[in-house]
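The letters A, B, C, D, E and F name the chains in turn, as written, and every chain counts its residues from 1.
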Amino acid sequence: MSQIEKNSSLWSYANPRKFLATTERVMPFLWGAALVCLVVGLVWGFFFTPDDYRQGSTVKIIYLHVPSALMAINAWMMMLVASLIWLVRRHHVSALAARAAGPVGAVMTLIALVTGAIWGQPMWGTWWAWDPRLTSFLILFLFYLGYMALWAAIDDPDTAADLTAVLCLVGSVFAVLSRYAVNFWNQGLHQGASLSMDAKENVDDVFYLPLLVCIAGFVLLFIALVFYRTGTEIRARRIRALLARERAGA
Amino acid sequence: MMPDLGKYTDTVLTAYAASILLLALLVALSLWRGRRMRIEMEQLEARTRRNG
Amino acid sequence: MIALLLRDLRLAVRAGGGFGLGLAFFLIVTVLVPFAVGPQSALLSSIAPGVLWLGALLACLLSLDRLLALDWEDGSLDLLATAPLPLEAAVTIKALAHWITTGLPLVLVAPVLGVLLNLPGPGYLWLVVSLAAGTPALSVIGTFGAALTVGLKRGGLLLSLLVLPLYVPTLIFGAEVARRGALGMETLTPLLMLAGISAGALALLPFASAAVLRVNLR
Amino acid sequence: MIALLLRDLRLAVRAGGGFGLGLAFFLIVTVLVPFAVGPQSALLSSIAPGVLWLGALLACLLSLDRLLALDWEDGSLDLLATAPLPLEAAVTIKALAHWITTGLPLVLVAPVLGVLLNLPGPGYLWLVVSLAAGTPALSVIGTFGAALTVGLKRGGLLLSLLVLPLYVPTLIFGAEVARRGALGMETLTPLLMLAGISAGALALLPFASAAVLRVNLR
Amino acid sequence: MAECAFFRAAQSGMRVVMDLTVSDLTIARGGVPVLAGLSFVLEPGHALILRGPNGIGKTTLLRTIAGLQPPVSGQITGAQDRIAYAAHADGIKPTLSVVENLRFWARVFGAGGIQPALEAFDLTTLSERAAGSLSAGQKRRLGLARLLVTGRPIWVLDEPTVSLDTRAVAMFADAVRAHLAWGGSALIATHIDLGLEAGVLDVTPFKASLAPAAGANAFDEAFL
Amino acid sequence: MAECAFFRAAQSGMRVVMDLTVSDLTIARGGVPVLAGLSFVLEPGHALILRGPNGIGKTTLLRTIAGLQPPVSGQITGAQDRIAYAAHADGIKPTLSVVENLRFWARVFGAGGIQPALEAFDLTTLSERAAGSLSAGQKRRLGLARLLVTGRPIWVLDEPTVSLDTRAVAMFADAVRAHLAWGGSALIATHIDLGLEAGVLDVTPFKASLAPAAGANAFDEAFL
């Protein structure tokens, strides 16, 4: 263990024990902060913002829709980075973090899809339209499903980590390709991005500030969930290793 | 207390209910599995220590 | 390399016809569509290019699971991995054999099936062109999926799940070429994209497939 | 008998999710259709019932090859044939397990996918009813096909080829129920036919399957 | 054909015990007769070892006796529903655990507990392992343990000791001896010495000549 | 690691001949170490028989040496591109004939004719038969004949004589002797006596202890 203490770079968190110890300490704060941001943002948005002149009270959906849509993409990004780290440096924690993020990302995607569909009903008169933004989210959801299914289907953890990492890489390339393909195929109905730097013209401050709080809440929740679930995965692997040794020893 | 959501009451409420349900489900499942793994690991570690 | 290609082709012919079956599936899916959606010929002719592309894609997909799994089960892959041939080459050859036995016959037979679905006149040429440009990508991407799932007993459905989203860009551009062609519209842009995807997949994916296969063999 | 059913269900769950994957394939085929035929919602909604039925049928079809082939390969079928259980019962149980792991989930999830294709309002009920009445026939017929092709290495595509024509009547009546339902028309006649096919297949085909299986085992 | 059946009290209550009688059997594989004119009687409490060079037709013979394929001509009596067959493929599901695999077969054959079977082949420590993660020999032990849970009196075994180490071969021999003592019988094709006290039948002399035989089937024979 | 490589004239021209050296090898299966601290040298012209009870890790060791899986720690030198591996599954295509099967592997390995291989395992009379219609022992003979057409100097064999009758075992022993005489070497895991003059390595003493080892991987080891 001494060699680990000497090693104070960021990589030292790739040690499962250290990772567990550290996250154990910050978990309560993370959960707390996530909860506070979410509650404040959602309550603010739901109770204390006015209706939009065109969309009526449905704008309130934006406080769930946009943060979850952002996190859906960012979760995949995080998985991509974690997969690369695993492939290059072979830190097990990073592979397990990618695995832990998968279902979280999938649920975020699902929330974006569901809120979008519910929103679409009054706005566009349909639950679902083959708009490029919507469509590419559906494809993203399929990538999440495939990624999770592959993890679940393979027994050997290192094999599973390697294969899912490569899938994540190749999948990212194809997800981007799909985005362009879908755009080409159908120009859509969906709002353009308005959360850019000069966003103030598009979205009023009244909506903008609580939205930012909600986004912060989703980000924090994501981090908390991923840390927690990575811990769970580490323990699951430890259980596996202990059981295997016990049996082999018996 | 409840703001007037006009003709979109159902829409907005379903959206909130669905999302919060999904989030709660995710968190609950994570916590449940997390707790199980933690307990199982501690039991196993205690056992292996006892057996050498 | 040639030996491997010849063997794979020979096996495809011997095993009850690697060709025949892909084609037959394509044929039957195409035939079932009118039963499913109803026989109105205007409706059929408007969905014809799409259905043909989708049928070709599914026929490709279904034949993927025998691409590597048989060699895995009988130990040939272990032996190939220890042979002088680099695994990247072996994987590419296998994709090529898959294309010759599945993609190529699909390209050739698609116009005939177009007749069944009332494909509009100018559509035939573009259907063939788009399939010719797109099916190699389908084979190469499929090989990657097969390499991912090779260790799993009957990974067939998982294979579909992994491969289908990867097929989306190819399908979109391919069907777009055929659809625009059938309507007499400009087809250059999607055709270039389609060819680009094929070329890119052909150049890069064999490395991913070989890497994944090595992991699966250990 | 219960032991066999439980084992098959357990195997389906263990093998990376017998359920999940059939569903996933259904989902993916449905999603791919708009990419292939274009995004116009009127067009989509007019082909929706047919496409959903076709998708369900293909998802069923794809999972057939693991229905008996795995048991054949590892020798379980030899052993089952020498066991006290009559082979007819074993085959029926296996078809039932297939329906529970594939047909039933398809029925439940079909309405969700209907949304993606703009299925008209009244169509949802009839889609579910028709799938519930028709999928048992798909499983039983599929088991027969699987029994026919069980000895063949990767009979997957041959299986499709044999089974698809047998699926035609089920598909026609099933899709007809769903289509008429979506248009608000009378559905009783095709529904009765569909139920009749299911009942007949269930009553007679297990004997054929068992007979065919015995031949294949020797 | 006088069927020689008699009653006998056995460990698990009263059972009908009878000989397995094979008379003037001709068997074919892939349409080609491989063994002809084979006759033997296997009595309860006895084992018979089949020997013969590779490709002579031992596997074909065992499959015929197990009822998996019909004989070309000749009679097999006393086999119906009394045979436990084990070959190279032993019906083991890799995703199920050792116990789940065994319990399934025990329930299909309606026989009793699996504990004795596990103990006889030293599988207790492996019992929760997925069968797919066993080594070749461990898997084979599981396949043999299945025989014990069938409760069937006649074991028909095709090269049962493939991949087994010497200790496991001894376990197998013990299991066969116990089975014989209980009143069962065994028919075993093997190339190696099992250390069993058993009759040996070398099938080499029964190799089918390829001249078409006269008889009931001679009419078709030239064509088939 | 001094690599002991030297030149030697062999039957098929000049070849680089060197020892296969395994030093302090630890191997794992399914994430669990099975053998640890194994070292041996296999010189050209020699055979080494691996022995050990079922499940000790022989198959895992052979796969590691063949390069199909990475070792946990330790070195293997002289194996790269010099190994012909043969296991239970012998890569035989049932729909191809015996000759087609052999010729394929001969061309993949770029080696010479298949006639000597056919003759060594008495396959000439079967040469046009589809491999799927062979009996268990005939199939195995075909799998072993493949070794001869690879032209590789080190044979790594996992239970090669399964299903073989005594005559075929003798053929196999002759083939190994000829290979050794030619300057090749062989590493064979088996449970039975092959009648070869060869060193024997019992791997039982190298069974990995399951206490986590210190070393490069100890960093993660506690968890994995």
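Just so it is clear, a contact is a pair of C-beta atoms (placed from the backbone, for glycine too) under 8 Å apart; a residue touches a chain by one contact, two chains touch by 3 or more.
A quick note: this is a predicted structure, and the numbers were derived from the prediction, not measured.
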Under the document's definition of touching, what chains do chain D and chain F have as common neighbours?
A, C, E
Same or different: do the copies chain E and chain F touch each other through matching residue numbers, with over half of them shared?
same
Out of every possible chain pairing, name the one holding the most C-beta contact pairs.
C-D
Would you kindly tell me how far, in whole Å, the mean C-alpha position of chain B lies from that of chain A?
15
Taking each chain's centre as the mean position of its Cα atoms, how many Å separate chain B from chain D?
35
For chain C and chain E, what's the span in angstrom between their mean Cα positions?
46
How many Å are there between the centre of chain A and the centre of chain C, using C-alpha atoms for each centre?
32
Would you pick out the residues of chain B that each touch at least 2 other chains?
none
Note: chain A residues in touch with at least two other chains are 139, 142, 145-146, 149, 153, 155, 185, 238, 245
Two or more other chains touching the same residue: where does that happen in chain C?
15, 152-153, 155, 158, 161, 164-165, 168, 172, 218
Once bound in the complex, which stretches of chain A touch chain F?
3-4, 15-17, 91-92, 155-158, 234, 237-238, 240-241, 244-245, 248-249
Okay, in this complex, where on chain A does chain D touch?
117, 126-130, 135, 138-139, 142, 145-146, 149, 152-153, 185-186
Quick one: which bits of chain F touch chain E in the complex? Just the residue numbers, please.
30, 52-55, 57, 59, 88, 133-138, 141, 159, 162-168, 191-192
Note: in the complex, chain C contacts chain A through residues 144, 148-149, 151-152, 155, 158, 161-162, 164-166, 168-169, 172-173, 176, 189-190, 193, 197, 205, 208, 211-212, 215-216, 218
Quick one: in the complex, what on chain E touches chain A?
125-126, 128-130, 132-133
